[in-house]
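Once you scroll down, you'll see the structures, which are given as structure tokens.
Same chain, two partners: chain A is paired with chain B first, then with chain C.
Right after this comes the complex of A and B.
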């Protein structure tokens, strides 16, 4: 039984609903990068859109686009991952609580501020009565959603799943996380990001939807071969987990063409990946993606997305190689890509993608 | 009364986020619900909050809303007669 990523669609720092980042990525040039918004009118009428927050609009549009690309009208399940849900409306609601002395609170902001607003709005729009779930586990929200879909598809409980990763960044929220050291406060170069000698990452926001199903088509991006999530592993446990997943799938490490990692230029975050590089992936080309998509609670979804698009197109663009020397020597069509992400070195995930 | 109608139109546009609409686009005699502006039950809740917050009017009986929200003009007349701020 095989599970495939049929299609994917995103709204992010990069050109929305497009794979133009493969050729011409937009390189973040400020600490607070706003997502580039598509034209919502072809997807949502102004009367419908007026009550929706930015994140819900993004989620609806990426979902519609992923379903269209995957030629699916009605998924069996809608599963979303979001670290903090609809922050824009949460802020509006909380500000109203303060400004109005806990009285006269706006119902729209309250309804739109819940985490599961996203999945439910997608379901309402599609009139989908199937399985509907939202995972809010900070940095592993998307991984949890993907794992749920993977297990349900593996067990034959569903045939198609729309899996999403949605998180937004507002100026206030950016400021709060800045104070906690989440973001870079000095200008940086790609070289400095690679060195990862300073704290903080580049802030981003994320809306990514992907369609999973059991049929392989010409347009299929790749196979979601296997995945694993684990808690607070040391380097030894990580190595075992990688070996296990490869053994289960009868793949020697030498056949992994590249490993996608969540390197962000934040020293605390990147040290884990550099350790893995040193102990496990000495001879495997290392790719990164947060330098063009930014960091957010749902950013790990872009790791899977980047791997899937590279497998589908049969090439890896130069700018995704963490080490430019490896890009120069890489001249094959990738067949197997491993995606490794972690959140605060607590929750780790491995996703194995194959052509 | 004219000033209140104009003010109310602006507040309705802002509270209900009627993007691209101006006060001139709202007919003060047209129904707010169903035909006319085509508002729904969630909008009705927003309008109840608006009346309480901006004019100090607390609707005691939900059924009153049907009459009060007939049109912008009816709403303005009700506010004019019952406002506490």
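Right after this comes the complex of A and C.
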């Protein structure tokens, strides 16, 4: 029994609903990157779109696109991850509570403020009565959603799952997280990002949807072989977890063609990955993606997405290699890719993808 | 496949702290709903189900330092977690077992954010609370406030069914041997944001709520937290701990009708109950008690009532909504009501549905109005429904 990632669709800093980033990535030139909006008209009527929040609108479009690409009309489950939920509406209602002293409040923004608005709006549009859930666990929200889908598919409770990651960044939330050192405050070059000698990352908002199912087709992106989530592991336990997952799947580390890491140019974040490199992945080419997709609570979904697209296309573009010399020496068609993600060295996840 | 058993529970709500206090109040028939004491809202005329402890008292009980930053949602969660772990005989620093912590919440740290929002944007005085605002942060704080090493954590946010969905995820993890023990449930404290939100939808009753009553006029918002400790039967037997009951079935379905309202025929609710029954291998007639979602809003109770009539037909088991005691504890309610259902099962009683006087015309049943004692229960079903049509049901059964 195998579980496959059939299709994926995104709205991000890169060209929306497209894999053009493989060839021609947009290189962020600011620490607050806005997402490129797609043409919404083929998906949502302009009148509907006006009433919708940004995040829900994006989620509906990436979901519809992923379902279309995966040739699925009705998934058995809709599972989303969102670190912050519908911040736009939450702020609107919160500001009204404060400014209007709890009087005359707009019910619509409250209704749209709950994190599960995204999954439920997708279900409402599809009239999908199947399993529906939402994870909101900071940088591993998507990983949790994927884990839920993976387990239910493994148990045979469902046959298809639409799994998404959706987060927006409002100016106010950007400001608040800036105070905590989340974002870069200066211009930087890719070289400086690589060195990761400073704090902060590039802020990006994003929406990514993928379809999981049990049938292998020509268009299938890759197999979702296995995954694991763990908390505050330390390097020894991380190594243990990586060995476990490889052993379980009868793969020696030498057959892992690349490891996708959430390196972002933020020193504290990157140090964890460099430690892993030093202790586990000495000889495994290291890929990164946050230099082109940015950082957000949903960013880890792009690690899995990037890995899946590379396996499908049978190649890894030069710009994804963290170390350029590894790109020069990389000749083969990738067969197995590990995706490693962590949030503040608390929540960690490993996803094993194979061709 | 191995059975999933419950070996511990912890609960804090308007009925007080701990299973024993909760049980005593349910037997007395004394509601915890009343005037707000700690929540600083101007809508003081709205009754709430407030946990009868201040933040300072909770800190003291939990040995949390005065100057440590923590949200009320996390304090409530930490209190319930401590009881749950102790009742499952999980000793501090015992690392023999892999443990996962899955908690549901929706407004998370909002109760602090709404107080400090000006500071968040304009000063540096409350920066530590910015990082505690989101849902995941609450789970992380709760997990840290105890000396047990969880090996995995996550947070579910499906509004008022969050805790029920945490139970479901935890059960799936156990079935696949992804961990040995799961601690599952939810937590939510009262906030102006939440109270004003429900108020803006005009679904708050200015009187104590009247679930399943013809003249019901909305819900009372509550707060609380509850967690269950669940494991595979063989783990529990190996540990030599008391088995409280078995999680025999669960279902999660989406109503897919409206963002906040339930469909008239309760399609999502019907499907989630049927799914839970099918998994448990039970007939509707096997269910001895239903702890209903029963918020007291005109829409929910009618919709849920119709869904139950579709499931149970003319043989409606005893039904009650204990939200008439605790208020609607939103994200925690799936945990609070699972804990109450389990107490009913193991202590052989059926809690009453307070404030009921007249049957809803279109329904064929009335809820239990007096607490029933010394009743043998085999299987109890509990419903948790949320905004967005997120409907979940769980069935707990005596261990045969």
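One rule holds in what follows: the second predicted complex is superposed on the first by the 355 of 355 C-alpha atoms of A that agree within 3 Å, B and C clash if a C-alpha of one lies under 4 Å from a C-alpha of the other, contacts with A are read in each partner's own complex, and residues count from 1 in each chain.
Criterion: a contact is a pair of C-beta atoms (placed from the backbone, for glycine too) under 8 Å apart; a residue touches a chain by one contact, two chains touch by 3 or more.
Here the structure is a predicted model, which is why all the values come from computation and not from measurement.
A simple residue count on chain A separates chain B from chain C, and the partner touching more is C.
When the shared chain is aligned, chain B and chain C each come close enough to touch A:107. Look at A:132: by the touch rule set out above, it reaches chain C but stays clear of chain B. In the superposed model, A:51 makes contact with chain B only, not with chain C.
Legend: residue contacts after superposition of the two complexes on their common chain; A:180 is shown touching chain C, with no touch to chain B.
Common to the chain B and chain C contact sets on chain A are residues 105-107, 111. Those residues of chain B lying in contact with chain A across their complex are 15-20, 38, 42, 45-46, 49, 52-53. Residues 41-43, 106, 110, 113-114, 117-118, 120-121, 124, 127, 130-131, 134-137, 139-140, 143, 149-159, 165, 169, 172-173, 175-176, 178, 192-193, 196-202, 252-260, 267-268, 271, 386-390 of chain C are the ones touching chain A in the complex. Chain contact summary for the complex, chain A toward chain C: residues 78, 82-85, 93-95, 97-98, 101-102, 105-107, 110-117, 119-121, 123-124, 126-138, 140-141, 144, 147-148, 151-152, 154-155, 157, 172, 175-177, 179-180, 229-232, 297, 346-347.
Chain A meets chain B in the complex at residues 46-47, 49-51, 100, 103-108, 111.
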